[in-house]
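Labels run A, B, C, D, E and F following the written order; every chain starts at residue 1.
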Amino acid sequence: QVKQQIAVANAQELLTKMTEKCFKKCINKPGTSLDSSEQKCVAMCMDRYMDSWNLVSKAYSMRIQRERTNM
Amino acid sequence: QVKQQIAVANAQELLTKMTEKCFKKCINKPGTSLDSSEQKCVAMCMDRYMDSWNLVSKAYSMRIQRERTNM
Amino acid sequence: QVKQQIAVANAQELLTKMTEKCFKKCINKPGTSLDSSEQKCVAMCMDRYMDSWNLVSKAYSMRIQRERTNM
Amino acid sequence: KELQEFLMVEKQKAQFNAQIHEFNDFCWDKCVEKTGNKLDSKTETCLTNCVDRFIDVSLLITNRFAQLLQKSAGV
Amino acid sequence: KELQEFLMVEKQKAQFNAQIHEFNDFCWDKCVEKTGNKLDSKTETCLTNCVDRFIDVSLLITNRFAQLLQKSAGV
Amino acid sequence: KELQEFLMVEKQKAQFNAQIHEFNDFCWDKCVEKTGNKLDSKTETCLTNCVDRFIDVSLLITNRFAQLLQKSAGV
């Protein structure tokens, strides 16, 4: 249960951040609906944000390991 | 009492946001006092921020209702 | 113990803010290491941030005293 | 039992208000440039659309995320 | 009872410090452009004024808000 | 006792994830300009370096702060 709670909290934080970052990147002037190019942009932005998350996560893990080896 | 606490929390959050947003909009170079044009600007900014709050609140309520009707 | 906890919390908040502010000021393009000019910039930025903290703290204290005298 | 219902309703109201503060913070920066004697109609439209599009983006991202999860779970 | 007083004083100190962190964060962005060997006097004046004007704006808004509330309550 | 260990491990994981969210938020703004079909190699390098340099800056500041504290304590 604790594991699930953390997984859910993690996913929610990711969704919140992506919504904010991708709105900023893709919606210059909010219109009466999301047009198809905005939808495409949001979908791509979301994929890139998750790519970035994975890269950052890997870089951070490797750094922690290096610091441990140096100690 | 719970109601009052929420109302107070809500008002405090509104005051905090307005102070920050209206300082940013109205005080370009902080001087030795608030001059009258800065005071006017802050008062107007405050009124507009509350107008905006009401508009946003209405838009959000309507959206929630629409989503419920669609379910 | 309470005193120590507050002192630690205070120092941690200061360290967190300085890291963020000085990274923004000093690291334009993150490279493969911190070069010596970036390190110098970070050290100076850190000193200035603490100077600023002391000034702000003094200004706030004096304001509180003035408000009390006026009451 | 009535107390529980009362508390739940109040909690929902608090969440609703917190959400409005967030929307207003975000959409104010997006839409409001000058603050005159009243919000002009362009700014008003922008604010209303901003809330609705923000929710659209949030739903789009949440649904797509759920699909990706299901795919990766091999369902 | 002494413990309570002690805890209250410590809590106030913590709030005071939290407030300074906020002011410093905000006024640093407003006033500090370059970070050299020391803060120049223009930047120092800006920082001090920034704190005082921020409090002024906060008081102005709070008082005006209270007035609006009273008016709308028909007092 | 096993429960305690389990909870501590889970807490560390949560902190690790929270840290990644912060890094990603910060480094995304620093490094990602356009979002195309994939992150180009320049952006990828920037993101990886951003995390490492952020930690470098944090360590530099923390160590220097500790030195200043020791000096001012007259040690």
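Criterion: contacts are C-beta pairs under 8 Å (C-beta built on N, C-alpha and C of every residue); 3 or more make two chains touch, one makes a residue touch a chain.
Nothing here was measured: the structure is a model prediction, and the numbers come from that model.
Peer 1: List every chain that touches both chain B and chain D.
Peer 2: A chain counts here if it touches both chain B and chain D, and no chain qualifies.
Peer 1: Among A-F, B-D or A-D, where does the C-F interface recur, judging by over half of the contact pairs matching in residue number?
Peer 2: That would be A-D, since it shares over half of the contact pairs of C-F.
Peer 1: Would you mind checking which chain's C-alpha centre is most distant from the centre of chain B?
Peer 2: Looking at centroid distances, F is the chain farthest away.
Peer 1: Round to the nearest whole Å and give the separation of the Cα centres of chain A and chain C.
Peer 2: That gives a centre separation of 29 Å.
Peer 1: If you average the CA atoms of chain B and of chain E, how many Å lie between those two points?
Peer 2: Comparing mean C-alpha positions, chain E is 18 Å from chain B.
Peer 1: Between chain C and chain D, what is the gap in Å from one C-alpha centre to the other?
Peer 2: The computed centroid separation for chain C versus chain D comes out at 33 Å.
Peer 1: Could you pull out the residues of chain F that touch at least 2 other chains?
Peer 2: Residues 31, 50, 52 of chain F touch two or more partner chains.
Peer 1: If I count partner chains per residue in chain B, which residues reach a count of at least 2?
Peer 2: Residues 14, 22 of chain B each touch two or more of the other chains.
Peer 1: Line, ring, star, complete or other: which describes how these chains touch one another?
Peer 2: Looks like a ring, each chain touching just two neighbours.
Peer 1: Output the circular ordering of the chains, read from chain A in the direction of chain F.
Peer 2: Order round the ring from chain A, first step to chain F: A, F, C, E, B, D.
Peer 1: Under the stated contact criterion, what part of chain E meets chain B in this complex?
Peer 2: 26, 30-31, 46, 49-50, 52-54, 56-58, 60-62, 64-65
Peer 1: For the complex, which residues does chain D have touching chain B?
Peer 2: Its residues touching chain B are 6-7, 10, 13-14, 16-21, 23-25, 27-28, 31-32, 35-39, 44, 47-48, 51-52, 55.
Peer 1: Under the touch definition given earlier, write down the residues of chain B that touch chain E in their complex.
Peer 2: Those in contact with chain E are residues 11, 14-15, 18-20, 22-23, 26-27, 29-34, 39, 42-43, 46.
Peer 1: If we count contacts the way the header does, which residues on chain B are in touch with chain D in the complex?
Peer 2: It comes out as residues 2-3, 6, 9-10, 13-14, 17, 21-22, 25, 41, 44-45, 48-49, 51-53, 55-60, 63.
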